[in-house]
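The data blocks that follow each hold one structure.
In the two complexes below, subunit A is the common chain; its partner is subunit B in one and subunit C in the other.
Now for the complex of A and B:
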């Protein structure tokens, strides 16, 4: 039906490794991009800037983590620390008078530098021990953020972000900020889409599946691990900087605490490891969940005439968030991306798989 | 240098460290049997303390009744967690197992808070707060009692591992395939180890609840407990006890000398650095087995 494979014959390797072997996928992407472009016209600006904008930036960040955890197979529990490096260096640079374009670049490069330090842990250990080391590094970074006033201005201080400007034009309107986030998310998505089908992505997958086997094929696993960490940290740095510049408008240490690291990992797991569309779904689910649960529970309590105390209401989203992770790991460990793929596979052969039965 | 000051720091550090060991024993029990890093142990500790409080404060039972009841409840909670959540993940990649224990941690924390609220409550064990003087050293009574409980628990577990059931658990931790083939129920053994870890969590929760009162911060013991467990070698009980003493001394002495330099709060920094250094230099810890996957 939608996904017609009939008449699509690949006669060369190049055509088989095209970005979208099936035209419907390409058309779907164009449709989604179009939706993204006209979103400010159709979506109320309150929803646009409090839901859609953070969703896009977190998606870019989650794609960065997915690069290192999903594709390269390296556990990373210190992702928020890397985002913090980017955010703080960009805000400091911008306050110093550096134009925002360069401030963002500085954010990416400094985050990549710190992220490469994380990758030295990946040189030495893997699996659980890598997770523990990155977790410890996150705690070290938390400590630095709350105890070095030169960076953050002290534990309870917040750092005001200067007005966001691109090419000398201050961007303050809701639609403008939204387009910045949208553009960054599109850039990251295009990068990951292409990485997946080129040598870099394949090398990362080889390292993930078995490092000995990768070495036999001539893939230097050390080199590709460093590349994976550096690239994902670059994405994390700019995402962190954009998050502060276009959404929070000020940087505080709590925005990048260890819970945030776990949250990004949860987005990746719920969305599906090594799945791009899954990251979009996963971020949406984790970001929207607290609001939805709260309104559901208070509506439910009203309906039953119960008096829920505010403390209970405040902690229910946490419980639901944990339950969501548990349920996904039990029912569909490959996440929402896998569910999407199942549906797509069903439609790929739609009328014909019925004939077998 | 003031030697008495240093000695006091070390002894108090060692006592606190033994309390970290108490937490780490729970981690080691689970890791030994199933190679699962139980990041939910902090939340279990908190849950254990809250259940004890629920029985002693809300129902008005004396503590010596409330604690055994809570231990029995948590025994089955541990069994249930293993059966429902962890068993079907066996053989999955480590990232999913880690995420599952993190999810459990968040879930248990959220549910406990939703039930009992976040205000901190005292756990009144009736231990006097008067300082205890051993010669020139000033010690805290509750820390001494806790350290004693920790050592007693360690000895009890060592003896347990000599019983028939304990030998089965040791066989499972040694090679679960071989244990399976000689008819040991690996599932039941792993479940039992989770149950024991939950029981340890209740005891940890009661002692730490007395020290810092019962609230959400009990689950923050996780980083220190993990560090102790890794430093001792994740599958060594004796390692956990020794590493606890070591980390306690390092943390207390290190913090006393670092705090004036960096303006306080260096305890967590010392712990995190010990964890990083351990993994970098000696990932199998002091007494762990050497078969850790290295790159």
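Now for the complex of A and C:
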């Protein structure tokens, strides 16, 4: 009904490999970008900076994890640790007087360096073993953060982030911080969108499907695993740094503890492995749902005039949120991205039920 | 001359700027005045390769110069074999440039058919699409045809071929370039040497009653037909068209060469015959001509698709489609469409019709045509309801495809519309349709006897029976030669009844028998796809076409179709019995022509035992049929066929 495809023809292979060949998709993307740009004008700044901003940064981070887990197929349970590396290096660099642009770059590079260490584990082990190895590295990182005061200032200390500046301009307004997050998320999305259709993206998928089959095809799986870990860590590092610079304003060890790692992995899995739109949905569900169910539930309770003890009020939304994740994954094991695609397909072949032969 | 009604306004090609023009001059006009516009698109490995008028004209001139070097010229012919390709179209125009006969053939033609073509005129060369068609030329040579040169388009598989006079398209163009370099005046000569009376193309009659007869259409004929069709509102300038019809069919030539050059169409050539439907969607043409059978096929695909769709989509489809069909029928009966029609139309267009048209690439079609034979009312109304202004056109090879068309908003089921400007139509005393126009050919090639029969006093005797209505609309009943009488003396046209039978989606072909008999009977071939799908849905097991055709459940649905047709026939012309044949009619077996017209004599001879059984009251008949494969080998198929009472 909405997707009109007649008359779409390609006169070159470049045009044939367009990201969005269907005008409807293109229009939708432009609409969303426009919405992102005018968001500060229409969204209340409280919501903008406490919901939309972290959603965008976490989406960028989740896309980074999706790169290594979804596309390259390597389980990664130490992603928060990598983000921590980026966050602390950036804050230290900024405190040292390095301009934020370079501090962010340092965050990315140092995170990529540490992240690459993870990839050496991936060369030896796969699947659950890799999960355990990366988890172990996460614990090592946790220990380092809480026991090396030179880095964090101690387990209970927090490190103040200097005022965020870009090109010498301090960015303190709500809208300004939002645009930084929005810009970063857009950059990462464009990168991943394009990565899918390059040799790198295809090689990663080949490694994911079967690394020795990929090797037979001439794809050096070791090399591509390192590239996947390094690239994903680079994104993690900058996302971690931006999270501290624009949202938390100070860095503490528990921001990047093991449960955060698991949470990011949950975002990726609920959203859908190797799905970009899914990452947006997954982050929204994991990050925003608890707050939304909470307020919905208390409003509902107020409306009915229920007198519930605070214990119940705190736990029922959490249970609902857990149930939601289970329901979504049972309806579509491939994640929210797949649900979106199912809906899109439904309209794509409208009014038929499948592509005609 | 009988009831002499001249319907067309006085108009003729001679009063227009097109007077005295040839295709090569028009092609050069396009190249100089509109050189940057797209003339041709051809899909190659998924990518549409474009060619502007300037490039195309240059390619044609080089090709013509090459053909000139090879000795193609006045009085000599070039055989063109293959499916639609830009280069084959270019070859057609180039051959006309050097005043030779371009003779396109059906790509599925058998060796005997090709030999008949090749023996008609002295062959100077053959232009073949690929290895398969080069092989055919080699076979023709082996069979004794003298074809000095073979030019091929697609070189795959031809590396090791060692045959005299075999050269690729590129080599031909090189020869052409050399020829042009050596003779500085050649370019000018190529553009201006041909006259309107020189041949444009060498086509053939369909040959329902014998061997196909050669028909040479002059440049004046085809340009005049293109002009008439445009004046009559068949198309405008710069239409987008898909070149998918067989190149040997006059409709294809008239559109993709004559009209395309005259009115600067963009011709889109699909990648392969199998990808036509997908390429149709990518092109979304503005002009679409298809045989009633193709329209039926698309309709069947839509209906099967909807049957397999989800409940909501089905419900929406039926809701809007029923409303639109009802409104369309009211319009056909010249009644008011209904007060809320516009609302349902809008909503339906948005939710159902638009998406369906989009799926098939028909959303940009302004001019949709069906021609060649009658179209079923249900199909016709369906497409009108869908919002495609489908129209019928009437024409023959002998007069370059365009005689009469319906206008978009004035459609009646039983007529084919008004005669086109420049075309005068009369009705002879015996009911035969007579045509006078500058698009009418000069005569059958080397066949004065047939020519004398077809053209008398400048009137083309079309061989079709029909009449003109008072409002000037032409009604075509069928072939004059096919009008037969039952034993009781009742006149009827078997083809008319067959077409009505074929309106059933389950019947692909039919042959009605009854000349000089007391009752009418029929032999039908089921439509394997539609009946096969029906069998799947209804749990009827079957192994093959032959097996499916004899199932009693299938006979039951065929019987319904017969009852429906009988209801519209006079008492004396009702069908009494039928046999569902165990194989489809096939052009390779000579039972139908390449354009799927019934060869009645062949069928009646071959199925004589079946016809006997239909009349002697037996309930079954043992039948042996000869099947000819594409390789030319034959084998026989034996089967016991059941006779069913309607």
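We adopt the following convention: the second predicted complex is superposed on the first by the 310 of 357 C-alpha atoms of A that agree within 3 Å, B and C clash if a C-alpha of one lies under 4 Å from a C-alpha of the other, contacts with A are read in each partner's own complex, and residues count from 1 in each chain.
Rule of thumb we're sticking to: a residue touches a chain if its C-beta (ideal position, glycine included) is under 8 Å from a C-beta of that chain, and two chains touch if they have at least 3 such contacts.
Predicted, not measured: the structure shown is a model, and the values here were computed from it.
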(request) In the overlay, answer first, second, both or neither for which of subunit B and subunit C A:12 touches. (result) second
(message) Quick check on the superposed pair: does A:173 touch subunit B, subunit C, both, or neither? Answer first, second, both or neither.
(response) neither
(message) Just to be sure I read the superposition right, which of the two partners does A:325 touch: subunit B = first, subunit C = second, or both, or neither?
(response) first
(message) Touch test for A:266: subunit B only (first), subunit C only (second), both, or neither?
(response) first
(message) Contact-wise, after the overlay, does A:295 reach subunit B, subunit C, both or neither (first, second, both, neither)?
(response) neither
(message) With both complexes superposed on chain A, which partner does A:350 reach: first (subunit B), second (subunit C), both or neither?
(response) second
(message) Quick check on the superposed pair: does A:125 touch subunit B, subunit C, both, or neither? Answer first, second, both or neither.
(response) first
(message) After superposing on the shared chain, does subunit C or subunit B touch more subunit A residues?
(response) B
(request) Under the contact definition given at the top, report the residues of subunit A touching subunit B in one complex and subunit C in the other. (result) none
(request) Would you mind writing out the residues of subunit C in touch with subunit A in their complex? (result) 46-50, 277, 281-284, 301, 305-306, 308-310, 313, 316-317, 350-352, 354-364
(request) Spell out the part of subunit B that touches subunit A in their complex, as residue ranges. (result) 37, 84-85, 88-89, 92, 94-96, 98-100, 102-111, 113-115, 117-118, 223, 226-227, 230, 262-266, 268-269, 271-273, 275-276, 279-280, 283, 292-295
(message) Which residues of subunit A touch subunit C once you look at their complex with the stated criterion?
(response) 1, 4-13, 16, 349-354, 356
(message) Using the touch definition from the top, list the residues of subunit A that touch subunit B in their complex.
(response) 69, 75, 121-129, 131-133, 135-137, 139-140, 142-143, 146-147, 211, 221, 262, 265-266, 269, 273, 309, 311-312, 315-326, 329-330, 333
